[in-house]
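As structure tokens, here come the structures.
What follows is a pair of complexes built around subunit A, which joins subunit B in one and subunit C in the other.
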Partner chain A sequence: MKKAPFLRSYTLFYLLFLYAPILLLPIFAFNSGKVVAFPLQGFTLGWFSEMLADENLRIAAKNSLIIALSVASMSTVLGVFAARASVRYSFPGKAPIMGLIMLPLVLPEMIVAMALLVVLLSLNVPLSLFTVIIGQVLITTPFAVAILTSAFQSLDKSLEEAAMDLGETAWGTFRLIVLPLVMPGIMASFLICFTISFDEFIISNFLGSGQPILSVYIFGQFRFPAKVPSMLALGTVLVCFSIILLGFAEYMRRRGIAKAGGKDSGGFL
Partner chain B sequence: MAATPRSEARAGLKLISPTAIYVILLLAVPLATVLVYSVMTGGRANVSLPLTFDNYAQLGTKWVYGYILLKSLLIALSVTAITVLLAYPVAYFVSFHIKPERKSLWLFLITIPFWTSYIIRVSLWFVIIGKDGLLDSSLMSLGIMDQPLNLASYGIPSIILVLAHAYAPFAVLPIFVSLEKVDRSLLEAGQDLGESRWITFLRVTLPLSMPGVIASSLIVFIPTVGDYVTPKLVGDGKQPLIANFIETQLLKLQDFPQGSAFAVVSMLMVAIVSIGFVFLNKRFIGGQK
Partner chain C sequence: MTTSDDRPTMIEFKDVHKYYGDYHALRGINGTIKAGEFFSLLGPSGCGKTTLLRTIAGFEDISSGVIMIDGKDMATVAANARPTNMVFQSYAIFPHMTVAENVGFGLRKDPRSKEEKAKAVAEALEMVGLKGYGNRAAHALSGGQRQRVALARALILKPKVLLLDEPLSALDKKMREHMQVELIKLQRQVGITFILVTHDQEEALVMSDRIAVMFEGEIAQLDDPETLYRRPANKKVANFIGTMNFIPAEILSETGDKVEIEAKGLGRVALDIAQAPVPTGEAPVVGLRPETLTLLYDDQKAAERETEGLIDEVIYLGDMTYYDVYLGGTDVEVRLSMRNVPGRPVLDVGAKVRVAWSPSALVLFR
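== the complex of A and B ==
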């Protein structure tokens, strides 16, 4: 490897720029000052206990968990159907159907949210956590399909044929051969959809019923200076949480590649 | 495949039907509804016949619509240009100067900020550059400034700063992937034939990585042009972009037809720019053959 001192220091500087705001999270989450300002005052866990005592925050976190778990399950299941169908079969209308499924990737999210909202309002459907879930599934399914498509593509077709030849039914083959092999892809899809949903703001804000949802709640709280330190404590917890999830997703991805006998080309997605 | 066996077609359709029905009902139907609303006559929170193109004509005559569209487009394109230019050297460094077994780790480091809560990242900028924010209080206590800068009130530049930071990690990955595909022997050939390293980069590496650059641009452009949160938080909320304006039209004014027409035109604008990017990409791929 050639040495490139300029590029190296640039990259480190870039990483610093990326991380700078996030590094403020732990610094001020443990700082006893009421205002987010240097110099630091003293060490405290008070903001974390304030965060834990916040009843609305607890409800918001619970709602977000319900939403994220439902969204991740639904979009992974829908993703398995779509990815399996598009990899394994050719059928009329495949391109437009897949195009429609992947469309939210290239549409501003606001437009997806508003289109759905206009229809829900016209049909007098009351807004609830359920409407948030069905909206978010539209946003996360393309990610599930993308991840699962590559999982199904790396599958050796002869394994399925062997199982069929040995007398397994189509469903049996899928359950006993295909499913275990694409399991790492399913896990990765679930985790990524979960993360996206947990973080999602626009649909939670507009299709929600006014019940607190974590991202919407955080957004509201940052406007009150007195609430900022406990939000930074919450941010610290969430960052740790997503690093753990990500590490797990990366581990599953590597295991999947190792299982399929491929070589690690590095990187996410 | 020339002729698809009918049984295979049926099996494929059956398999994809749950997902297909879901997106048709919850995506295609709502989008079609917006399209229909945009040519109807409107009152408050309702629509009625006759069909009319007045809503579209309004978009042309009132300056505010064009202004919002143009402003959003220019902000999103600036953010795209900045993020891609800043990301390219990083992707290049990881692809060309990091040992293969260490690359995953570097990419992991770059992507972590992207997976941490977007709302928190954007709100943190508000804490930093906002009114009485960290930046102002630090600069003033260090005696560098005696007046608060209040950067967040600068409107468009602060929106660009925050968006460029929020979407930065998006840009690195596609460029990295396309740089990884560059055949290293081509570079050696170039240098063996007497080209300088810089010229080799300009004539071989850069053109070969253009698909990645364009993919990055697209990945950054689409979410930025539709961003809702950043203009609400920075710029004193006085610089609404497309998403904020759609909210005002559809929810606050409840002008369904006019709001729908604006949404349709914004969609068209995003689609045209995106197709432009894809077209550029095709040209570069075509040029390689």
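== the complex of A and C ==
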């Protein structure tokens, strides 16, 4: 292949631009200086202990976990139904229905958030974690449907027919054959929806009614320069958390493929 | 080959129709399949043979008509309650289970004890030649092994009918021929009715007691292999099974059980009425298989009739040679096949020859 020095340096620059800022998080999280600026002062774990001592931060983290787990579960379950229906059955109005389910993927989140806020207020529904969950499910379900559709599509229809042929009921077939074989897709959907929900900001801010939610809380803390280093410590923790999560997702995906005897064709890592 | 006539009926089709929207996939299927028979559904792709098999299994509803299995109407019986089991074209081996779990899948609702079930699985595996494979992962098997697992998994339930959807098409030629013989043996051993779907006429001839040849959603002919080959019901069947030469002919007279014709290049021939299937209204032609024509060497005389010929093409295959020959100074070209034996040299293009043939080998299509 011909060498293209420009493309090579462009790629390097692009990757640097993408990831270098993230590397700054741990650097300043362990820096003892109060101001986030070079030169570095000294090593400290103080920001981490300050972070752990922050009562509001703990509440925000707990709320975010509750929201993310609920959102990931709900949108994955909804995604299973929608993906199964769209892959296996044909029904009147299928194309527009699937289109409407996928629409939030391209709809500006701001509009979704505003519309939901107006509707909820006019219905006198009090804003809470629950309203945040409802709003986020709307956003994450298209991702779940997209991931699960490909999982269901790669499932040979004759496997289900074989199970039925061997005397199994429709539910037994789903439980014993379909579910285990699409499990990697379900895990992937769950983890991606979890991640999207965890750092979602707009809906959390609009529909959260001032409840501490991690993304909103972090943004708020950046107004106080003294708080910034401990937020960077939090960021470092979140980066590590994401890497572990992603690693786990990839491990599950590969194990699923190996179990089903398929060929590995790409993935996250 | 066993006779199928004296056996009880296992499956009966009564005017079965199937529509997919506007598409008429099955157009009035009638016929019976006998108990213990090795039955084949043969036809080109899209002829409805797989659809018909799937209606027996219960994977497809029929639009009208009746399918009876062992004397019971199947209209309200779901796939999981029918006395049939299927070997799928893709084998449909459950990839997340072991071989033993696959084979024992159908025994989940069986009231027998765990040990008895394990024994049944081991026996089924032994029957298909996979003794000791139970703990292997299903996805680690070769194509031939997957097929055996699929067979064991279907047969362990002792179905009344085993349905085979092109089970050999994914195997290479050697393996396919090997499995053909194994399937025949297995069928004799278990005595279950086998219904095989195939597009391979040779496979159908080799394996079946009887064959239904299907075209465009209809059964064109239902007969034993020999009758199908020697007395095809129409030109389409004759063309689909083996090679058939067609020679234009003129019907001179038809009296009782005799039909007299004038075939181009062959001359006047008197045929038995049995050699003339039900007329379809086409221009009359006679059909003649390549192996019923023989090239005569100088010292040989024809047993029945002979005709002059001119060799137009020679196709040498090692054990056989195909000759394309113009008959009797006409433009009618026929293919004949000769076994290559010592003392009978392969002849050249352009050679004038004598061709021996027998009137009883002719079939008249009209």
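FYI, the second predicted complex is superposed on the first by the 251 of 269 C-alpha atoms of A that agree within 3 Å, B and C clash if a C-alpha of one lies under 4 Å from a C-alpha of the other, contacts with A are read in each partner's own complex, and residues count from 1 in each chain.
The definition used in the following text is that a residue touches a chain if its C-beta (ideal position, glycine included) is under 8 Å from a C-beta of that chain, and two chains touch if they have at least 3 such contacts.
Being a predicted model, the structure only gives us computed values, none of them experimental.
> A:101 in the overlay: touching subunit B, subunit C, both, or neither? Say first, second, both or neither.
In the superposition, A:101 contacts subunit B only.
> Given the touch rule stated above, what does A:177 touch, subunit B (first), subunit C (second), both, or neither?
Second partner only, subunit C.
> Compare subunit B and subunit C by how many residues of subunit A each one touches, and report the one with more.
Of the two chains, more subunit A residues are contacted by B.
> Contact-wise, after the overlay, does A:203 reach subunit B, subunit C, both or neither (first, second, both, neither)?
After superposing on A, A:203 lies clear of both subunit B and subunit C.
> Check whether A:225 is in contact with subunit B, with subunit C, with both or with neither, and answer first, second, both or neither.
It touches subunit B, and subunit C stays clear.
> Tell me the contact category for A:122 with respect to subunit B and subunit C: first, second, both or neither.
A:122 sits against subunit B, while subunit C stays out of touch.
> Now for A:169: first (subunit B), second (subunit C), both, or neither, which partner does it touch?
In the superposition, A:169 contacts subunit C only.
> Would you check which partner chain A:4 touches, where first means subunit B only, second means subunit C only, and both and neither mean what they say?
Touch partner of A:4: subunit B, not subunit C.
> Which partner does A:252 contact after superposing on A: first (subunit B), second (subunit C), both, neither?
Neither partner.
> Applying the document's definition of touch, where does A:71 land relative to subunit B and subunit C: first, second, both, or neither?
neither
> Which residues would you name on subunit A as touching subunit B in one complex and subunit C in the other?
none
> Using the touch definition up top, name the residues of subunit B that touch subunit A in the complex.
Counting only subunit B, the residues touching subunit A are 1, 4, 8-13, 15-20, 22-24, 26-31, 33-34, 37, 45, 86-87, 89-90, 92-94, 96-100, 103-104, 107-113, 115-121, 123-128, 132-134, 137-138, 141, 165, 168-169, 173, 176-177, 180, 218, 222-223, 225-226, 228-229, 233, 242-243, 246-247, 250-251, 256, 259-260, 263, 266-267, 270-271, 274.
> Quick check on the complex: what are the subunit C residues that touch subunit A?
57, 59, 78-81, 84-86, 88-90, 92, 94-96, 105-106, 108-109, 137-140, 153-154, 157
> Across the complex, what residues on subunit A touch subunit C?
For subunit A paired with subunit C, touching residues are 156, 158-159, 161-169, 172, 177, 180-181, 259-262.
> Can you check the complex and tell me which residues of subunit A touch subunit B?
1-4, 7-8, 10-11, 14-15, 17-19, 21-22, 24-25, 35-39, 77-79, 81-82, 84-86, 88-94, 97, 100-101, 103-112, 114-119, 121-122, 134-135, 137-138, 141, 145, 195, 198-199, 201-202, 206, 215, 218-219, 222, 225, 228, 231-232, 235, 238-239, 242-243, 245-246, 250, 264-269
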